[in-house]
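Can you keep this structure in mind? I'll have questions shortly.
Naming follows writing order (A, B, C, D and E), and every chain is counted from residue 1.
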Amino acid sequence: MRINARFDVAYSGFDLKVDLDVPAKGVTTLFGPSGAGKSTVLRCLAGLERSNNGYMQVGDAVWQDESNSYFLTTQQRALGYVFQEPRLFSHLSVQKNLEYGYKRTPKNERHVEWDQAINMLAIDHLLQRKPHNLSGGEQQRVAIGRALLACPKLLLMDEPLASLDKERKREVIPFIRKLHDELDIPVIYVSHSLEEVLQITDTMVLMREGESVATGHITQLCSELELSEYLGDMSGSVIDTRVVAHEEEFGLTRLGFDGGELYVPQLPIEKGHGQRVHLLARNVGIALQKPQVTTSFLNILEATVVEVAVPDITRHAVQIKLDIGVPLLANISRKSLYTLRLEPGQKCYALIKAVSLAR
Amino acid sequence: MDLLSPVWLTLKLAAVTTVILLLVSTPLAWWLAQSKSKWAAVVEAIVALPLVLPPTVLGFYLLLALGANGMIGGPWSALTGSALTFTFTGLVIASVLYSLPFVVQPLQNAFVSVGKKPLEAAWCLRASYFDAFISIILPLSLRGYITAAVLGFTHTMGEFGVVLMVGGSIPGETQVLSIAIYEHVEVLDYGSAHTLSVGLLLFTFIVLLAVYFINRRFPTHAD
Amino acid sequence: EIRVAVAANFLATLKTLAPLYEQQTGDRLIVSGASSGKLFAQVINGAPYDVFLSADGGYPEQLIQHDKALASSRFVYATGVLVLWSRINQPLDKNSFIAEGINHIAIANPATSPYGAAARQTLIKLGLLDKVKHKLVQGESIGQTFLFVASGNAQLGFVALSQVVNPANPYNQTNYWRVPADYHSPLAQEAVLLQHGKDNVAAKRFLEYLKSDAARNVMAQYGYL
Amino acid sequence: MDLLSPVWLTLKLAAVTTVILLLVSTPLAWWLAQSKSKWAAVVEAIVALPLVLPPTVLGFYLLLALGANGMIGGPWSALTGSALTFTFTGLVIASVLYSLPFVVQPLQNAFVSVGKKPLEAAWCLRASYFDAFISIILPLSLRGYITAAVLGFTHTMGEFGVVLMVGGSIPGETQVLSIAIYEHVEVLDYGSAHTLSVGLLLFTFIVLLAVYFINRRFPTHAD
Amino acid sequence: MRINARFDVAYSGFDLKVDLDVPAKGVTTLFGPSGAGKSTVLRCLAGLERSNNGYMQVGDAVWQDESNSYFLTTQQRALGYVFQEPRLFSHLSVQKNLEYGYKRTPKNERHVEWDQAINMLAIDHLLQRKPHNLSGGEQQRVAIGRALLACPKLLLMDEPLASLDKERKREVIPFIRKLHDELDIPVIYVSHSLEEVLQITDTMVLMREGESVATGHITQLCSELELSEYLGDMSGSVIDTRVVAHEEEFGLTRLGFDGGELYVPQLPIEKGHGQRVHLLARNVGIALQKPQVTTSFLNILEATVVEVAVPDITRHAVQIKLDIGVPLLANISRKSLYTLRLEPGQKCYALIKAVSLAR
């Protein structure tokens, strides 16, 4: 099951031309800088913006096919939309806002539990309030709740967590993942925050100036050399691993993945469980021999050079794509490149200084 | 009592007219607020036009239009067998036309200032177009509706020239309060004129006060 | 300069008279037309009129009592004639009210207009008031009553002869039934010099002119006695 | 030409009245929109009251009030030595009172729907209260102002009962178009009445069309 | 120069009772969960909310003293306010929005440069647009620019960076700091994001349920044991350090601070420059002897136990406050506490697993 969509919107000064092909399950994130067209894509998906030659298909169901003048209205799409601004109904209490979509959902489709949503979002004490008496974050939480309680078949979320504090995020993110895992609701998600994206996303769509420049599973996409410029210094590899063992005496945990093992500071996770890690390219170094002195590099892995990206002169660092069973990006200086004379196919060692945990 | 018959008639006329005005104006104002068509400006201008004619003159033209051979009255009497002029129905039609701008314009402004955002949110919560309009746009336009209803109602109450012309001042049928007061003033019976006027003012004042008082207890939605 | 407040029913006649008078005397007439009741209220409240040409005798009487007009100047300048008129060419008489196809009969408001009162008296006199009561529609003034008939909404109407024979009347000018004078109290229209005009020589001159044969001729053309 | 003198007079009256209405109504509507006082509802109701009286009757009361011994006219003539009734000034005052609700209410609604937020933002950018009102509230209330001006202007143009009563019908001074048309009808000069009416309608239509057309080119602010 | 303020606002269901005493220079952050009253405090400071018994003084100047019915209006306060929502003037173009405050600033007070602000916020291509044609992030940037260009004497910012992408943040944050460093404009800042706060803040005010529960310099505040519950698992110590040397061969940089030195992965910072680091309590371990085996712990520092916080039974970790010249927080398990039998005054070693850089 996939979602296919083509949209073509022209504002004065901005053209959106996207062609999406993403799985109709899990969380897909539209990632890109401000003004890239992320919100516009969501509006198109929701049927709020009608585009020339637009086409959209979810699984086998065609939702929009302008060439046949076929267009499902927003209501017929049964979706949930968390807008970038809260958009609560100002004349209704919080309770009534939350009920708005819930009441309009046939009983047998009400698969999101009222109490659970309210508790997760910590909005039970606000139910009798009017929206203009809420703080910014409170409004945003109600907006999330309202969209969830409409029990959508497709959930669109435009930076829903931007104004939420850490603790709330920690509650909401797993809930969003659960929507996918338990209820099979695909989520299209917009975010600027790579940290957030790493925690929540399966598929990532990189957007730039109205175009989707790349689409793929996040673990794969983050290791694409050509994309590193879009990710800036967050560029690096994302690897899904599993806890192999804890080495209590050293305070370390050993994570296994297709290409080997990684040591990380001890994790409060049980053996056998999954853990996604983010290896920032700038935290990965390269050596031709295995270092002999004891260094701070906890992880030294055999690697093969796959590709060397010769940067233009303005950029300081050179990016190297390695293969350690999975793809791995490394940033080295121009000087090091010159010293090491790396070439595709060459054997070397990847020195990983730090591992940041993503999910 | 004979003194009260025009009062009831007036209230009935104003009430019926206001209800019809609101019903007719809602879709019209909505269309005017939403439409990108060039014709919308034309319709807007046409709606406001009747205002500039002196009521008697407007009444005269309406008399022609509503008469048995008129543009409206002709088809009507062909259909129903009865005329429109000098009837309550005719009065209602005339009052609706005459007070239309006072109702359409506040509604249109209210709709414009509510904007599309809440509507889009409602659509994304499974509300049909109609449902969303009723449950979101109407309550958010409450102030506009109150203004529209007040202006429409009071203007119909006080209307005189048009009503006199189209209605013919038939006691119990088309002789409304304003005509009755007018008569008292004309024949120098100022006492009765005062009594009726003060009564009318007091009644209206109390109704309006109640309306505005309640209205003020609703928070405004912009903040 | 003479400011004349004139009852609406006499306005048309006065507009014909005015240029004649102005030519003759060099005075200038400033004419304000409205219903007598309105004009009365305005005079009471200080309207700057010199001469009041009322539609009846009651208002001048009251003005004199209020010390707003000079009793000595009061006189009947014209007597109106009530007619039953129809736009359609059909013979009219006192039985026309109950003919086929008469749905509405227009009269001026008897409370506010002398012509209305006269029409009502006529119907009483004929013993028809109860029979036609439900067909009566009332105009604010004799002018409006005329419009009811002229627009075809009322098939018959009691109007002033002056309106029917007015050269400007675009409709049938000959088809009317002249109500016998003894069916109603006379429609004596009185003129009076107002306090504001008591020192205005021209105003007095104008009142005198109204009594002249020249003026009476014009009035006669307009159907006044 | 004599036929045109009432036209100019009417346009002058409507223009002056509209300007004064907007000037008077702006602070009044602003106060009504902002005030939390209980009296605000009372004032709101009072503003709408004149509407329910038949124009002639209202005119009659205004005649009393504006007359040399009246509540307003008394002090005025003591001050200026001249009366208010049967003058252009008197007409303006009467028209202002009569059309007040048509101007106050749209403005008040506009102010309410703009809300406090843009105002607060302006204050935080060094704008004085007055400056912020002029530079932010006024333009954001543009639609309200247009509605207010259109309703006020057209209503004054078409007004007849009040104007006749307070102004008399003095050619060149207080004989406005509506009275002139009325007189033409009274003397059965239907040709002139039609000409004036159609001219009036055409002129107004063109003005309104232009206003609404331009208004529609401004984007609405709610979206 | 300090800012003193006392406010007392009662909404139904929420009471604000704060007593602020913060330096009238640098960036002061109000930090706290959603609904804590942060925005309300800003509104009070701006004079938009008038409070019973309110009092406010900036340096020697009293701005508000309700006991004497003294109250400077918002305009008289000459401040800049970035609201939580953009609040652009919808009838004005972006250019006109930006000019609004700028034009109303006397020429000799225009100390913020137009071009610089526009470039930093990357909004030069938007100048002719109307606000409703902008994306969410674009609107927020214009709002920031508008407030800056009013050349305020006090800048209030309510989550200004929430909808900005990483790259924009990296441009804006130094600019905000510069306001303080070069122009001496104090900034009161609201944020949920500890990462952001660590980069930008000098003074931190912790807010909870309408009260300011603690105020202090961020380096000191983060090490307060009692406050760790407010910081959650971001609890830890913040230390301002200086680059002492780079050890190129190991890819390490040595940072010096009052109590010793820290090794961190090599930094692109010149010797002698400052660097703030954040030592998360959960990344700090304790040993009674100096570990003999070579471990991943790059940093092993002598320490003295200052305080042991015995947690209530629901919490898993025990927090220990150490002294390594500067205060240092460490999280250990209940089991370890039992084994180590730590007591105030005891000597031990702090094992620091990872160092996150803050500024």
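Going forward, a residue touches a chain if its C-beta (ideal position, glycine included) is under 8 Å from a C-beta of that chain, and two chains touch if they have at least 3 such contacts.
As the structure is a computational prediction, the values presented were derived from the model and not from experiment.
Novice: Touching chain B and chain E alike: which chains?
Specialist: Both chain B and chain E are touched by A, D, going by the contact rule given at the top.
Novice: Suppose you hop from chain C to any chain it touches, then on again the same way; how many hops at least until you reach chain E?
Specialist: The fewest steps needed to get from chain C to chain E is 2.
Novice: Quick check for the class: compute each chain's Cα centroid; which one is farthest from the centroid of chain A?
Specialist: Relative to chain A, the chain with the farthest C-alpha centre is C.
Novice: Going by the contact definition up top, give me the pair of chains with the most C-beta pairs touching.
Specialist: Here the largest contact count links B-D.
Novice: Computing the C-alpha centre of each chain, which chain sits at the greatest distance from chain E?
Specialist: If we average the C-alpha coordinates per chain, C ends up farthest from chain E.
Novice: Counting in whole Å, what is the centre-to-centre distance of chain A and chain C, each centre being its mean C-alpha position?
Specialist: 90
Novice: For chain D and chain E, what's the span in angstrom between their mean Cα positions?
Specialist: 56
Novice: Suppose each chain is reduced to the average of its Cα coordinates; what separation in Å results between chain A and chain E?
Specialist: Here the centre of chain E sits 26 Å away from the centre of chain A.
Novice: Express in whole angstrom the distance between the two chain centres, defined as the mean CA positions of chain A and chain D.
Specialist: Spacing between the chain centres: roughly 59 Å.
Novice: Pull out every residue in chain E that's touching 2 or more other chains.
Specialist: Within chain E, no residue contacts more than one other chain.
Novice: Can you pull out the residues of chain C that are in contact with at least two other chains?
Specialist: 38, 41, 147, in rising order.
Novice: Spell out, as numbers or ranges, the residues of chain D touching 2 or more other chains.
Specialist: Touching at least two other chains: 56, 60, 117, 185, 221, 223.
Novice: Could you list each pair of chains that touch, in label order?
Specialist: A-B, A-E, B-C, B-D, C-D, D-E
Novice: Going by the contact rule at the top, pick out the chain C residues touching chain B in the complex.
Specialist: Interface residues on the chain C side: 35, 37-38, 40-41, 62, 103-104, 106, 109, 111-112, 136-140, 144, 147-148, 151-154.
Novice: Would you mind writing out the residues of chain D in touch with chain C in their complex?
Specialist: Residues 56, 60, 63-64, 67-68, 83, 85-86, 164-165, 168-171, 175, 183, 185-190.
Novice: Per the contact definition, I'd like the list of chain A residues that touch chain E in the complex.
Specialist: 11-13, 32-35, 38-40, 84-85, 125, 129, 133, 135-138, 141, 158-159, 162-168, 192-194, 232, 234, 250-252, 263, 265, 283, 285, 293-298, 351, 353-354
Novice: Inside the complex, what are the residues of chain B that reach chain D?
Specialist: 38, 40-42, 44-46, 48-49, 51-58, 60-61, 101-102, 105-106, 108-110, 112-117, 143-144, 147, 150-151, 154-155, 157-161, 178-179, 181-182, 185, 193, 197, 200-201, 204-205, 208-209, 211-213, 215-216, 220-223
Novice: Of all residues in chain D, which touch chain E in the complex?
Specialist: Answer in residue numbers: 117-118, 120-129, 131, 135-136, 139-140, 142, 218-219, 221, 223.
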